[in-house]
Amino acid sequence: MSSDLPSERGPVKRRSLQIVAVASATALFLAGCATAEEETTTATTDQATTTETVVEAAVSILDSVKEAGSVRCGTRDALPGFAVLNDAGEHVGFDSDFCRVIAAAVLGDASAVEMVDLETADRFTALQSGAIDVLVRNTTWTATRDGSEAATFLQPTFYDGQGMMVASNSGISSLSDMNGAIVCVAKGTTTEGNAALESSRLGLNWEVRSFDETDLILEAFLAGQCDGWSSDVSQLTGLRSSYPNGAAELVILGEVFSKEPLAPAVLDGDTAWAQAVNWAVLATIQAEEFGITSANVDSIRSSTTDVGILRFLGAEVPGSDGAAVLDPSLSLPTDFAYQIVKQVGNYGEIFAKHLTPLGLDRGLNSLWNDGGILYAPPYR
Amino acid sequence: MITWMRRNLFRSITDSFLTILSGSLLLYVVWQALQFIFVTGRWEIIQVNLKILLVGRFPDELIYLLGLSILAIVFGISALAAGGRGTREHKSLTLLLWGLLQRFGLLIATGVLLIALGGDQESLLFGFYVIAAVAAGRIFGAIRKRTALSKLPGWAWVLINVLPALSLVFISISQAALEEWGGFLINFYLAIVSIALCFPLGVMLALGRRSALPLLRWLSTAYIELIRGAPLFVLLLLAGVALEFFIPDSITPDPIFRSVTVFTLFTAAYLAEIVRGGLQSIPKGQAEAGKALGMSATKITFLITLPQALRNVIPAQIGQFISLFKDTTLAGVALSVFELLNVGSAITKQDAFLGQGLVYESLAFVGLLFWVGSYFMSRESQRIEKKLGVGIR
Amino acid sequence: MSSLPSTPAKVPFYRNLTALKWAFQIAAVLLVFALLYWLYSNYQENISKSNIQTDLRFLDNPANFTIPGNDFDQSQPVRDAFVQGFLNTIRVSFVGIILATILGTLVGIARLSKNFMVRTLGAVYVELIRNLPLLLLITFMNLGVVLQAFPRIEDAWVPLDLFVVSNRGIAIPWYLGPSGQLALIILAAVVIAFVVGKIRVRQADKSGKQDRAWLYGILTFALILISSWMIFGYSFETPLVDGRGTTGGLRIDPSLFALLASLVIYTSSHIAEIVRGSILAVNKGQGEAADAIALSGSQKMRLIILPQAFRIAMPAIGNQYLNLIKNTSLGATISYFELTQVAQITVGNGSPAVPAFTLTLLVYLGISLITSLVVNYFNRRLALVER
């Protein structure tokens, strides 16, 4: 898509510079006429392309992804632990790895993913306009977003909750100490509404100030413009670990005052694609439950006799009428779970790689049989 | 001296009081500024980030293309300027140098500052190349007058000087994806491309608004007034979230495409008003003379009134260009284009500089570049205004 | 335009000027409508594909955010948030226009002062500010001045024990009680003072003495205020630092201060240039005539030059007012809750982008149109009646 962009804009630019050249001379009006003509011609050609896209509209994103050979994943580039750019300019983090999980599942190649950095306020528009195939960008699953943003949310990758961070020396030890406090949040997020709601629920009269980006909140916090910094606990943990004056300067209060299930989202009305993404995420959870990691997946696949694991990894399962591979008709390759675990890892590995270093506990994000709420439907 | 002081500083008691007040204020500001520049300012943040401030993430291995483009542009402009000079009064060398210093001193000083900040041999060398390009351009311009080149028609001469620069710019655009352009370079790019693209539309709108044909007039007026009543920032935000809804799927708009679209449509309305003002300033007799010669209305417009009008409003057009140039900063906040101001605030958030209050240094540098750019252009516009004699006749 | 000689023979339609003109017009209009239709059909198609709202229903949804310094509740509908944003835009524009006009006029006069120092200071101010992007000024005001240079609330500056300045805002003493009443009395006082001034001028014209209308006006104004204070007994409350913020008085939000200050500084530099140019454009003879009848410097400026200069400057200054109003939208970049910020936040919270931003644009358009009507009205009132 983006590769044919330069050619799209080529003529425009050339035209513009022609005009610069001619503008310095006196024959300006000629350029004007020429451009007017060109504009009408481009208009008609574009009209032709519009009719073409109408025909294509019924095609599932799953097919277009397979055709394009890469997944366009809406993400961000500056949230420690979830998605940041490393020195080589690659996206690294929990969310970025789930983008790779999807690519590994659908295309069998975890690197076949195009990361599209989005602003918080643009993320749903990008999804609606088809600029991205899937949104994996710390997005809270809410009813309104599910309904009016034309997004379908899938299995949450991270169960989060909103918390509050304050300066250690502020003398604040719980939310109730924060009467009349200035609470700083990021603009255009659910955080804003939650903070306002919590304030009125506790009768604390907070002044909620919103900022365009996290770095601006940091500046304001450092300068003493904010008493509290409210965001999802996972984010606060990451921000605290990279606080310039040292993490000890900050405390995250114990209270958590909202449910924030962070889930990948796809466009409404494309069941095949939604199922594919959903099962890609679920497979990481199931793999952890089976104890399959990227290190032992090959040996388990070749040595195990557990029918459930064999089915899951897309290996041949001995049955009454000979060996067969389970194909649940998800439009995914039968070995998608194997590819995910082999190339990226299971849920626990992804968590341990990106979030544990920040000081985040598994907590709610443990498996169901380990005190958490991660539970994958059976693969059979 | 004393008379001058008495006349200009201490005419009366209130006057003396004002002198002391404003003088001390001025001194305080200058003192603070000097202290900031030479003592307290921590300029390593600029030195480290000089490249991304100027050209963004432009690929290192292609940067020579930019250098060549700049040299070609400088060469072309000096050659054209040399060619354009008609009568040449003989001035003494000192006077000539003084005049040059007045006109270009600011640019030279900024260039020297940038070289000093860059601090390596290559930037110094590049400085010399620029001087050489200026000299070569002047010589080439001078040669034209003495040789067969002078028989070339004007447009061909312009083409000779503009074409190399243009082709180099094109090569740069085709080699390095626009997404990698950034910093001050992208501010210039946005401003120049948008002003060039908006020119035809602006002129058409101006003609439409003055047209005797009512439908055309209403349409043009409606467009101009609608756009002029809307804040540029909101238009950019709207383009940021909504442009894709209005164009076919085959075009995926990137931030630069979005900003060029908005800047073009926006500036066209303002340019239309400027051109309209120019058209109004042309005495009726001009059109009447055309009519007397039996020219058609179209011919009268395009051969008589419009060229004069455009010439008369060159200073106003430069003014519009300056304000567009300054407004390109909005693309940074509205559409995350990696332009100079955006880079300036981004670098204070690098791990090495975060939370150290270096916003003064970075904003001062960003401000300096914008200031030099627009101050130089407005001075040049005043010069052209004087040369054209607009408002004197 | 050109009148054709009437010919008996019927002109073929392709040579008929009227027909040609109409054909051209219709073609142009059709082209424009085709373009609009093309945009609209693209829009329809893209919208239908993604099943998002295109109407204004979102205005009834709860806003889910609060507005600092306002008792706007997060359960109120988005509609109310837009109204609050609109009021804040108007507030900043109004105060900004007044302050920028005063500052701009002063600087413009200063630039023409005979005093070298004053002149230089004016020139430095104008040339420095005019050539900087407004956004840079706003960013600097917000990050450099308010956030960094202003003290933390713990060490707030308390000049004269009247103001509290900190990076959490500036608090000023403010009147306690119903503000409508005070506003009404001030309005009445202004009107009466103005009338008294006019009467003085008329008297002075008859008697030939100096009018001192300003002095009379100000005295009347003060008199009315003092007497109403005696009657109603206003009390003013000075702000106090109280833990995390200030209590009492009027608190000016830090982002409001940053926005207002940069808008005033930026616009005043432009107004100063206009005022200077207009003063220079006033016929030299006018000043000489004023000198000839021995008017003092300030009288000459006040009575002869400035009224004529303002007549010349009015359209250009009106444009600057419009610019200032439109530039308040940049308040969103520093999170001041004006119209654009409200639109941006509601869109981020799930309101559909196209209707929300279009609504915002229309409101700005309305404000601009009304302002230009007002400016045009004054312009006509002031315009010299040509012979």
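Note that the chains take the letters A, B and C in the order they are written out, and that residue 1 is the start of every chain.
Rule of thumb we're sticking to: contacts are C-beta pairs under 8 Å (C-beta built on N, C-alpha and C of every residue); 3 or more make two chains touch, one makes a residue touch a chain.
Worth saying up front: this structure is predicted, and the values here are computed from it rather than measured.
Trainee: What chain is the most remote from chain B, judged by the mean position of CA atoms in each chain?
Mentor: Computed centres place A farthest from chain B.
Trainee: Could you let me know which interface, B-C or A-B, is made of more C-beta pairs in contact?
Mentor: B-C
Trainee: Could you work out how far the Cα centre of chain A sits from that of chain C, in whole Å?
Mentor: For chain A versus chain C, the centre distance works out to 42 Å.
Trainee: How many angstrom lie between the CA centroids of chain A and chain B, rounded to a whole number?
Mentor: From the centre of chain A to the centre of chain B is 40 Å.
Trainee: Quick one: report the Å distance separating chain B from chain C, using the average Cα coordinate of each chain.
Mentor: The computed centroid separation for chain B versus chain C comes out at 27 Å.
Trainee: Which positions in chain B touch two or more other chains at once?
Mentor: Within chain B, the residues that touch at least two other chains are 241-242, 244-245, 247-249, 333, 359.
Trainee: Among the residues of chain C, which ones contact at least 2 other chains?
Mentor: If we look for residues of chain C contacting two or more partner chains, we find 42, 46, 143, 148, 333, 344, 347, 353.
Trainee: For chain A, what residues touch not just one other chain but two or more?
Mentor: Where chain A meets two or more other chains at a single residue, that happens at 46, 50, 53, 121, 125, 129-130, 212, 219.
Trainee: Can you name the residues of chain A that touch chain C in the complex?
Mentor: The contact residues of chain A facing chain C are 40, 43, 46-47, 50, 53-54, 57, 120-121, 124-125, 128-130, 144-145, 148-150, 180-182, 187-190, 192-193, 196-197, 199-200, 207-212, 219-220, 223-225, 227, 267-269.
Trainee: Which of the residues in chain A come into contact with chain B in the complex?
Mentor: 1-2, 5-6, 8-9, 12-17, 19-21, 23-29, 31-32, 35-36, 46, 49-50, 53, 119, 121-122, 125, 129-131, 212, 215, 218-219, 222, 242, 244-245
Trainee: What residues of chain C sit close enough to touch chain A in their complex?
Mentor: 31, 34-35, 38, 41-42, 45-46, 49-53, 58, 61, 64-66, 68-69, 73-74, 143, 147-148, 152-154, 167-168, 243-245, 254, 333, 335, 344-345, 347-350, 352-353
Trainee: Okay, in this complex, where on chain B does chain A touch?
Mentor: Residues in contact with chain A: 80, 154-155, 158-159, 162-163, 166, 169-170, 173-174, 177, 192-193, 196-197, 199-200, 203-204, 240-242, 244-245, 247-252, 254, 257, 302, 306-307, 310, 333, 336, 349, 351, 354-356, 359.
Trainee: Which residues of chain C touch chain B once you look at their complex with the stated criterion?
Mentor: Residues of chain C touching chain B: 1-2, 21, 24-26, 28-29, 32, 39, 42-43, 46-47, 113-118, 120-121, 124, 127-128, 130-136, 139-140, 143-144, 148, 322, 326-330, 332-333, 340, 343-344, 347, 353-354, 357-358, 360-361, 364-365, 368-369.
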